[in-house]
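Each of the next two complexes has subunit A plus one other chain: subunit B in the first, subunit C in the second.
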Partner chain A sequence: MLRIAKLPIAIFALFIIIFPWIARQIPAIEHYTDIMVFAGIYCLITIGLSLLMGYTGQISIGHAAFYGIGAYVSAILTVRYGLNPWACMCIGMAVTAAVALLVGAPSLKLKGHYLAMATLAFGIIIFIIFNEETEWTGGPDGMAGIPGLSIFGFDLDSVEKYFYLVWGFVLAAFVFTVNVIQSGTGRALRAIHASEPASSAMGVDVFRFKIMIFVYSAVLASLAGSLYAHYLNFVNPSTFDLFFSIKLLIMIALGGMHNIWGAVIGAGLITFLSYEWLHYFEEFDVIVYGAILLLVTIFLPNGLVGVPGIVKGWFRR
Partner chain B sequence: MSTVKDENVLEVQKLVMTFGGLMALSNLNFQVKRGIIKAIIGPNGAGKTTLFNVITGSFPPTDGTVRFKGRSIQHLKAHKIADRGISRTFQTVELFGNMTVLENVMLGCHTRVRTSFMASGFVLPQSRRKEKRIRESALKILKFIGLADKFKDSADSLPLGEQKLLEIGRALASEPELICLDEPAAGLNETETHVASSLIKAINAKGMTVLLVEHDMKVVMNISDEILVLNYGQKIAEGPPEDVRNSPRVIDAYLGGAA
Partner chain C sequence: MEKITLASQLLQYLITGLTVGSVYAMVAVGFNIIYNVTEIINFAQGEFVMLGGLIMVFFHVAVGLPLILAFPATVILVTLVGMLLDRLAIRPIRRPSVLTLIIATIAASILIKGAAMFIWGKDPYDLPAFSGRNPITFLGAVIQPQYFWVIGFLVITAIALSIFFDRTIIGKAMSACADNADAASLVGINVKQMILLSFALSAGIGAVAGITVTPISLMEYDRGVMLAIKGFGAAILGGLGSFPGAILGGLIIGSIESFGAGLISSGYKDAFALLVLMAVLFFKPSGIFGDIEISKIKRF
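What follows is the complex of A and B.
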């Protein structure tokens, strides 16, 4: 049986709860709470991507677009129409779901490289729209003045409060996704990954499952985008470019695609690399990402979550 | 009971399947009576696997009809046909290698028990109960095919003989009325072949109709009630084993190629 242990999830939740407190105690890492907000936002996307790519075996190089749609729907509807941010977040997810359905329906009939190319092209088109539809999106200069979030009149105006909001969403998405993986639905997804002819011969509606997971992962990315927009109070197109889609792939490859924990570990590590540890490399950071992807694919095909297994293997020999 | 016995589960009419210029099945007509084991034999490339692919909906036929329990199914997608009650195994093993033996069979229950995405994510009590039921019924099947003690192993790790049995078990899990077995004994040694052929007989004894593609003539002659012989996509003989064995056209197709 595929069982995902509960204890590590509880420990992880505890870690999240005390993280801001720990960060406050040590001046050198005080700003880590802020970085963790971004790590959480990326984590929301990688959790969905892990289900889509690692478990179901369908590649997407266009998820930056869904992330961007969420962010821009929130930005445009709050700034230009003064709508309630939470409503905008929901509208963003609905719009993203519709777009994902529209894009996914023809694309998911394609296999392997073709699916990669289709999602890649989609990502590029959306990026161009963010840049060119200046009246709506503000073009390359982006949009400022996006309001923050508040719950029942209680403003989420500090980094710590926003940290708990974002990670609350991450934990909810994580537990929901873990449940899906452990259910009959998850079994069908892994079956599709292993053999589509056998899955459909056993009554699995392969296409429907693929679409469902594609839309789910897109909606999570959209939620992440809205959270990003309301946190930074500013969006511009470069956040949602092709490189970000690739960065997402590097995250789940580094963490390990075939295990939902890989999504969390990968998102966390790459976020800290890009916000904190890679400053020395300046614009050469792209080379570091490339090197990570190369080394992981060659030496750690199961990512960092596969390391304990490798070590155990050494001892058994 | 006898009227039920005589009823046709499957009726194939004027079936044509072409790949480009190649005619893999040409104007094929035959019936399968409920409750029998019907073997389909013929030289390599005769169109046997193609016939299974068309019946189970891997691709629609170029022309002709396939009726299952009186209703035409040739336009349906594979998963819909599985829902109607036809299951299959594959000539080259198509197990879910990344899953355990038990999970493979549990997946076979997909046609009978399903959980929605939301019910899965929120772990509704009903989905937990369903999962338990599937697990129990899968374990029962593993016992039946003799793989109960390997339920935890990954499907990849089994030897070929057991992989072939597991494919049959997975196909049984949907409780089909018609099961299509594509060369279940290919690559098996004598003992394994014996196990496989008694298993097929046991399946049939449970009331399932069996369509069997097999090259091992001993197995075919021993267990089938009827045999259909294909050559170049055409039917060249059909009937009980003893008739088919003595048909000059069959002997010619198998041996005459050299002449």
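What follows is the complex of A and C.
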């Protein structure tokens, strides 16, 4: 699990590069590029979350809050103060890192259920703040008029240009995270997952690693939030509710949280499910999500990434 | 019109808080029953309360059963849901870890919520109060008769449970599972059955909470999550696993929420309980009655 082959990453990068071109050829899936922008945004969050939950074994049901802080910092600073969007993005990440440090330091001393509940409570409190601080956030109606992004005067005004921007970030985050996993840090994280007392006896600074990964995953979520705000030019609190945190959980559980590829696969699948394939169910899609989560937990504890292993197991028998 | 003084207003907040707190206390007791036997935190605990309220509305209002029949019918139905939760979501998990168990109960909770939305829609439902809605005025505070029912049922639940765990053989067997499941199975206790029973019991108590609170605060499909989190806050505040702690914790959380909403900001009503929850988790995770030594030997 620590070794991650380079070839699939290259193939995946190639797939991303040609994706908009393929989508343009087939009218029925033309809008898939747009959906893939959201998939990329979610991917950024799930990559960090997979590192946190799958590799380090720490549960967070509050990452929607970090996503929201990123989005709202970008939104408020660009709309109300007219700052440069890129600067806002960086400020958003800095603010999120500070909040994550503040919440994470006491939270990560907790284990299991306690940590889950602490992050859950934190997520809901932030959601309430988004709703209540109307002067800043616009309240439940949200904020419109968030400017788009541009690089050196080159406007990222089309879906395709934004697609490459988002997936560029995703690939960078992915490669960086893979490097983390394959480094000594990655081994330390796996050790923490297996047993905290044992790893601390081996000289691993358990708390420092946990907080590092927590902050890293929060910053990725914040970046995703900023990208979301600048893409949609609009934010409102309901995007960052508890159910979004649960959806993130479904993404990494479905993909397989013990493997970084699971984060990508899960985010992609759930995005397409929610934007494209579950329209028929309308608001009852929660039943589908609940069923997916339960079935995956019972029958595919390693997620879709674990399926090849299961199939191989059948043939060996 | 009587003049509303600050004192009577504070009394009003306290009474409302204790009533709401009684519901949180019942949810917290439900958490504890399952936690004590299985060491699982059942994130779907709040859904039992929601189901209790909505199924009661179905039996009592839609079908027209009298209160005395609709009440037990509802409790039995929700109890069955609790048993199904254990059989369909918890027991099939092959490699239980805290992460998979949390995810399984979260999955179950959104499934139940989705099913409730499918059946009842998104509107809140009202239930006639058990003994009318003529408020009683006491020192300037207005008390709904239903408040007494809520608090009364908390008292009844607490007494019944303490008799059950201290005096009956099944209750003692369940306590044995809580102390040490392996040892319990060695002396011939069917641990799986006890787990099933713990889910049944805690679902039943959740249903009672839901039935009694619906005439006061109405009930809708998505109320479960908040109730679960606040109930968990109550359980943590009192010390996870402790029944007196759960009741005290519930009453405190309810009061804080009521005073906070009344005196500081009603928009942040839900945030107060969550802030208490986080503060307890950060500064004294063992709670008021919790034992730090016991929490060390727990698996999760």
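One rule holds in what follows: the second predicted complex is superposed on the first by the 316 of 317 C-alpha atoms of A that agree within 3 Å, B and C clash if a C-alpha of one lies under 4 Å from a C-alpha of the other, contacts with A are read in each partner's own complex, and residues count from 1 in each chain.
We adopt the following convention: a residue touches a chain if its C-beta (ideal position, glycine included) is under 8 Å from a C-beta of that chain, and two chains touch if they have at least 3 such contacts.
Everything quoted here is computed from the prediction, not taken from an experiment.
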Partner chain(s) touched by A:201 [first = subunit B, second = subunit C, both, neither]: first
Touched partner set for A:176, first subunit B, second subunit C, both or neither: first
Subunit A residues touched - subunit C or subunit B, whichever exceeds: C
Touching partner for A:216 - first (subunit B), second (subunit C), both, neither: first
First, second, both or neither for A:113, with subunit B first and subunit C second: second
Touched partner set for A:254, first subunit B, second subunit C, both or neither: neither
Partner chain(s) touched by A:185 [first = subunit B, second = subunit C, both, neither]: first
Those residues of subunit A which subunit B touches in one complex and subunit C touches in the other: none
Parts of subunit A lying in touch with subunit B, wherever the complex brings them together: 1-2, 176-177, 179-180, 183-188, 190-191, 193-195, 197-206, 212, 216
Residues of subunit C touching subunit A in the complex: 41, 88-89, 92-95, 98-100, 102-104, 106-115, 117-118, 225, 229, 232-233, 236, 265, 267-268, 270-271, 274-275, 277-278, 281-283, 285, 300
In the complex, subunit A residues that touch subunit C: 53, 57, 59, 61, 106-107, 110-114, 116-118, 120-122, 124-125, 128-129, 131-132, 242-243, 246, 249, 253, 283-284, 286-287, 289-291, 293-294, 297-298, 301
Contacting residues of subunit B [partner subunit A, same complex]: 56-58, 77-79, 82-83, 87-88, 90, 94-100, 102-103, 106-108, 110-111, 113-117, 119-123, 127, 130-131, 134, 170-171, 173-174
